[in-house]
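Remarks on the structure that follows.
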Amino acid sequence: MKNTLGNSITVTLFGESHAKAIGAVIDGLAPGIEVDEEFIAAQLDLRRPVGAISTPRVEADKFEILSGVFEGKTTGTPVCIVIPNENTKSKDYSEIRCKARPGHADFTAFQKYHGFEDYRGGGHFSGRITAALVAAGAIAVLALRKKGINIGTHIARCAGVNDINFSNLDEDISALNKKEFAVLSDAFGEDMKNAILKAKQDGDSVGGILETAVTGMPAGVGEPWFDSVESVLSRAMFAIPAIKGVEFGAGFSISDMKGSYANDPFKIENGEIVTLSNNNGGINGGITNGMPIIFRCAVKPTPTISKNQQTVDFINMQNTEILAGGRHDPCIVHRARVVVDSVTALVLCDILATRFGTDWLA
Amino acid sequence: MKNTLGNSITVTLFGESHAKAIGAVIDGLAPGIEVDEEFIAAQLDLRRPVGAISTPRVEADKFEILSGVFEGKTTGTPVCIVIPNENTKSKDYSEIRCKARPGHADFTAFQKYHGFEDYRGGGHFSGRITAALVAAGAIAVLALRKKGINIGTHIARCAGVNDINFSNLDEDISALNKKEFAVLSDAFGEDMKNAILKAKQDGDSVGGILETAVTGMPAGVGEPWFDSVESVLSRAMFAIPAIKGVEFGAGFSISDMKGSYANDPFKIENGEIVTLSNNNGGINGGITNGMPIIFRCAVKPTPTISKNQQTVDFINMQNTEILAGGRHDPCIVHRARVVVDSVTALVLCDILATRFGTDWLA
Amino acid sequence: MKNTLGNSITVTLFGESHAKAIGAVIDGLAPGIEVDEEFIAAQLDLRRPVGAISTPRVEADKFEILSGVFEGKTTGTPVCIVIPNENTKSKDYSEIRCKARPGHADFTAFQKYHGFEDYRGGGHFSGRITAALVAAGAIAVLALRKKGINIGTHIARCAGVNDINFSNLDEDISALNKKEFAVLSDAFGEDMKNAILKAKQDGDSVGGILETAVTGMPAGVGEPWFDSVESVLSRAMFAIPAIKGVEFGAGFSISDMKGSYANDPFKIENGEIVTLSNNNGGINGGITNGMPIIFRCAVKPTPTISKNQQTVDFINMQNTEILAGGRHDPCIVHRARVVVDSVTALVLCDILATRFGTDWLA
Amino acid sequence: MKNTLGNSITVTLFGESHAKAIGAVIDGLAPGIEVDEEFIAAQLDLRRPVGAISTPRVEADKFEILSGVFEGKTTGTPVCIVIPNENTKSKDYSEIRCKARPGHADFTAFQKYHGFEDYRGGGHFSGRITAALVAAGAIAVLALRKKGINIGTHIARCAGVNDINFSNLDEDISALNKKEFAVLSDAFGEDMKNAILKAKQDGDSVGGILETAVTGMPAGVGEPWFDSVESVLSRAMFAIPAIKGVEFGAGFSISDMKGSYANDPFKIENGEIVTLSNNNGGINGGITNGMPIIFRCAVKPTPTISKNQQTVDFINMQNTEILAGGRHDPCIVHRARVVVDSVTALVLCDILATRFGTDWLA
């Protein structure tokens, strides 16, 4: 399936950084879901470069819905959203026709596509493609909210600076979704920004960790084994460029716990079954237990930097150096946040539709 | 697809801990692959409980190949492998008909299957089902070896004790694949075993981290986006019970690196393009770059413990306590190792078959 | 996916005619569906050879349910049904190791599997594998009946003899499902049997047409385009060996009609929307309209005959002749009937589960 | 998967008749396939209305390739082709908001999409969407030709008039692919056109049968059971609006043959294994045998006619009549021809890529 995600609700991604457009086709959405174009635009804004800490390549991200929406609502047939590429400066990238940028997909794309790949601006591997995921995901985010399912992500760590932990999830999610730079503590957020700027001045880049919480998911959703909630979410997260680790609940730190501590005790509260801790991140045996889903994604530092790097010319097969031109971000963690939210929403809509049928989401 | 993994080569898993049998159907294997029943048995032995640090439930794991193999070789049609359940003591588990074992899938299974689930011994959620993955995976492991692709996993950390790091990958893999308790340093392995025994004496359990290396993968395999090598491997890893985190290359620690350090410089060595570091774990843009694939899985402590735990009776909807009877492992990290190897092999065979066609693997 | 059918409910088929067993894994069935082993056995009996008009190879078709059923009901996890091969006479088939039986898959299997195929008795291409489809389908047939959805197939034509047309569908279906030789007119059925016997005496074989009716399907099920009800049913029907044509409603004869005649006028009757004719076979735009689904399958004459036939030795690459030994049927139309019913039931369960969610079928 | 076809090479369809655009995403195409925009335009021309025998709605079908093509060749990443909707007269269709056109999907769409469907001009069910299939298919048609695989379809029967049979397949295919009205005998073609015009004058419509031949397919491609060549081709054909029957080789007439006649004898000719007849249409056991693939599709008369028809108002739930306004075709058989060719090419590319790997097609 390659560029397609999902079973009941599928997302097919297309586009290259410097071709005519990028976009996505979402199929399987229930008919009658509200499509709020302003909300889509607002979500796209959250992904756009932000001031000094981002790339100077700024595009309006004007999207167009070609199909599947009628009178402001989904029809139930495939929704195609297209975002034209506008502000493309292809000449910046001519050097990478033969030089592999370390940490990037130039060399692997050449190995896979034998030189036919559109190499300009990273082509199909460009982070720009995630704008289509955000546009598609916005429909899913809003549909889930109306069902009481809320998704929020904060920058748990960036450039070595920690944010504070989630405390009141629903309030935190609500606050995060209004922020351009998604931290729970704006003070620590300033520290992060300063660290990003410092890296930028050095011609370098930094990474971080995004932590996501989902509240309101009903218990009993997901599958054992290969379509466990962890499986489908991680598959989707690792599709996002630069993500190199995904963990649920206590994640890697659970491996140091004793079972007596790691196990989340069950308790009845107000007639509902809850757990007293949430080291399993809301998932037992691959299936939701009704507690918040919690996961973290490790985002690597942007590979494109303004420093001389050792590399190869893979066409002429010789060692060389590269000093990346082009416009690039010293950090993409804050921009990746809304991508994570969007992809999460698409995945959850999919597993909910599998569980409850085509019409449930509307 | 639920219990099915893969695109070109698929694995469909079935079975419950206390039903007649567990098993798997592998479809899409090239015709002519050698099926070495002794090797399958040897791999199953690596998953079996080991002395004092494991559960006293020991089964012969006698498997039977019902189809798809003729005169010792795959026919190209579906291979069904069945492992009968023998040493089942169902009475041990009667209590969990209504009491949710913390950290287990009893409650979520009830939410999903409305009480029709086979609850005995964890039913379809039991770690026992992984024996079928090991049997199926053994065919893949051996087929890959003949193609020069080798997979090895060590217990990088267990009960708070670290193993040493990989040094010479091919030698390390070769050594690990002969070991019952897969550590690079047997001395540290003894420390781990002692810590496991200590937890057992306390009626408790411990977890750990498995680190896997794959050598010999050709460059240019995998897909961008949703079928990135990270995506397909992580989806498969998170299907393994108790795994709560997956990271590639430097993983979570890459998020603290600067780009200038995290990026793996390319270099031509002996006419081949290699990278000088491997923080990306052999994968750029979702596609193999020819360097070793490296990833780590966080394994949580076994949820079944011999301590009193707070929980709920989800049928009668009341708070209660549980003191798990039944036979269980104080640690499954060392047993999960071969499961990780097996699942890795199945995933790699799948993406190689997609890339190079049906016949490539034979 | 190769040997797997379906999206929400999947069936994976395995087995060869002379290997240890054949079988199927059905995944995605709702938990709580009754599994009536006597009914499965009765359905398998309908597929078994019948007296003089069938092959003398008679097997008990003793099936075993290995997983996914607990206390007589589906658990919601994969159901594996296995039917051991017993009465195998492999020596009969030794000649076809190199000689291609005309009309059979011997040569194409060799082209695809390079000689590694299990050639005995047709291997994975044997009609025997359909027994697994019948066993799996029996669960679906019964589940649909409880939802008021009934499936029945008659031999509309065999050896050039026509059966009468459907008149009262529900009564006809009920009557057909009790018959060993499924005709609406037993008198014409006798004519068919005589024609089959005549062909047998000539060492020859005959074919026919099966016509299937489904009543009780709700309107609004199915998809436009590639998962139209016609698409998914035809895909499944053409998987049944010997089927070379599938048509819905008026089928090929609709191509000679005028639109004013072919169009089925809508009318409200007793508060329900119905059509006055059913030339579209209950499907408009790929989606059910609530009228009976009607389709016909063309079944070719059994390719294995007791006459000398011109063919090739594809291993030694020379022209030769073949006089098929082995046990074979002069006609499989009457045996294929229950296979068509079974596969229809599996497909309908799948599209209903997609439409109404996992739990609907129980 | 709903609007997605294929395994290794997938086509995802989107669009409504009166929304902004229709289009398709083709994923999995080998990198380096030539994309000839003139050929795409020429294929689209073959689908466009032709003079008096077609609808007066004529659109330029200007297509735009948004992604996946670089410097005239496929990149290996998803190709998105968009065809804007231009000449839309939505007011013509206002009546069908509540009245079901007999033979059309208005009522079933309402049942499935609950009134949220874009009903204008048939919405997602419109034959117009097939333009996207033709554009996508054109890339496949040309790629196959370069591999020596040729596809041609003639109008075997229309309005009760028969064309002559195929004689020299490769010459016939070559001739057909240049014709606007694809018949082997232009004289009979004139008879067909006259019959179409006669139906048009009566405010009525006619149907027909399309017969397709594929030469040059290698033997050993396809799968047994659910992905048999018949299964995957029929699934795709039944996705084309108005197709109600599909048969391979001798098709329904094989059911009246004796086995001794129906079986295609094998023979070695010029060092190649061929069959002396082709009643099986080039497919044995679901797998190609190297002979031409032959199949026929029954096309129903266009449901939209200029006659008063009995129907229902499904919103107000009352019996009523409808006299369809709007522009429509008295026959779509000749226009459907290139759709059948296109879809055939896409399906064959898919199964060839599965068999021989991602790169084979380039």
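Here are a few things to note about the model shown:
Order of writing sets the labels: A, B, C and D. Residues in every chain begin at 1.
Criterion: a contact is a pair of C-beta atoms (placed from the backbone, for glycine too) under 8 Å apart; a residue touches a chain by one contact, two chains touch by 3 or more.
Bear in mind the structure is a predicted one, so any value in this text is a computation, not a measurement.
Any chain that touches chain C and also touches chain D is listed here: A, B. Chain pairs B-D and B-C differ in how many C-beta pairs they share in contact, with the greater number at B-C.
In terms of their C-alpha centroids, the spacing between chain B and chain D amounts to 45 Å. Put simply, the C-alpha centre of chain B and that of chain C have 38 angstrom between them.
Touching of two or more other chains is recorded for residues 1-4, 7, 13, 77, 112, 124, 224 of chain A. Residues 7-8, 77, 224, 354-358, 360 of chain C touch chain A in their complex. Taken in their complex, chain A has these residues touching chain D: 1-4, 10, 12-16, 19-23, 25, 27-28, 31-32, 64-70, 73-80, 82, 112-114, 116-118, 123-124, 359, 362.
By the touch rule above, chain C contacts chain D in their complex via residues 1-5, 7, 13, 100-105, 107-109, 111-112, 124-125, 129, 157, 160, 199, 202, 204-209, 219-228, 230-232, 234-239, 241, 243-252, 254-260, 262-268, 271, 273, 275-276, 279-281, 283-290, 296, 298-305, 307, 309-312, 314, 317-319.
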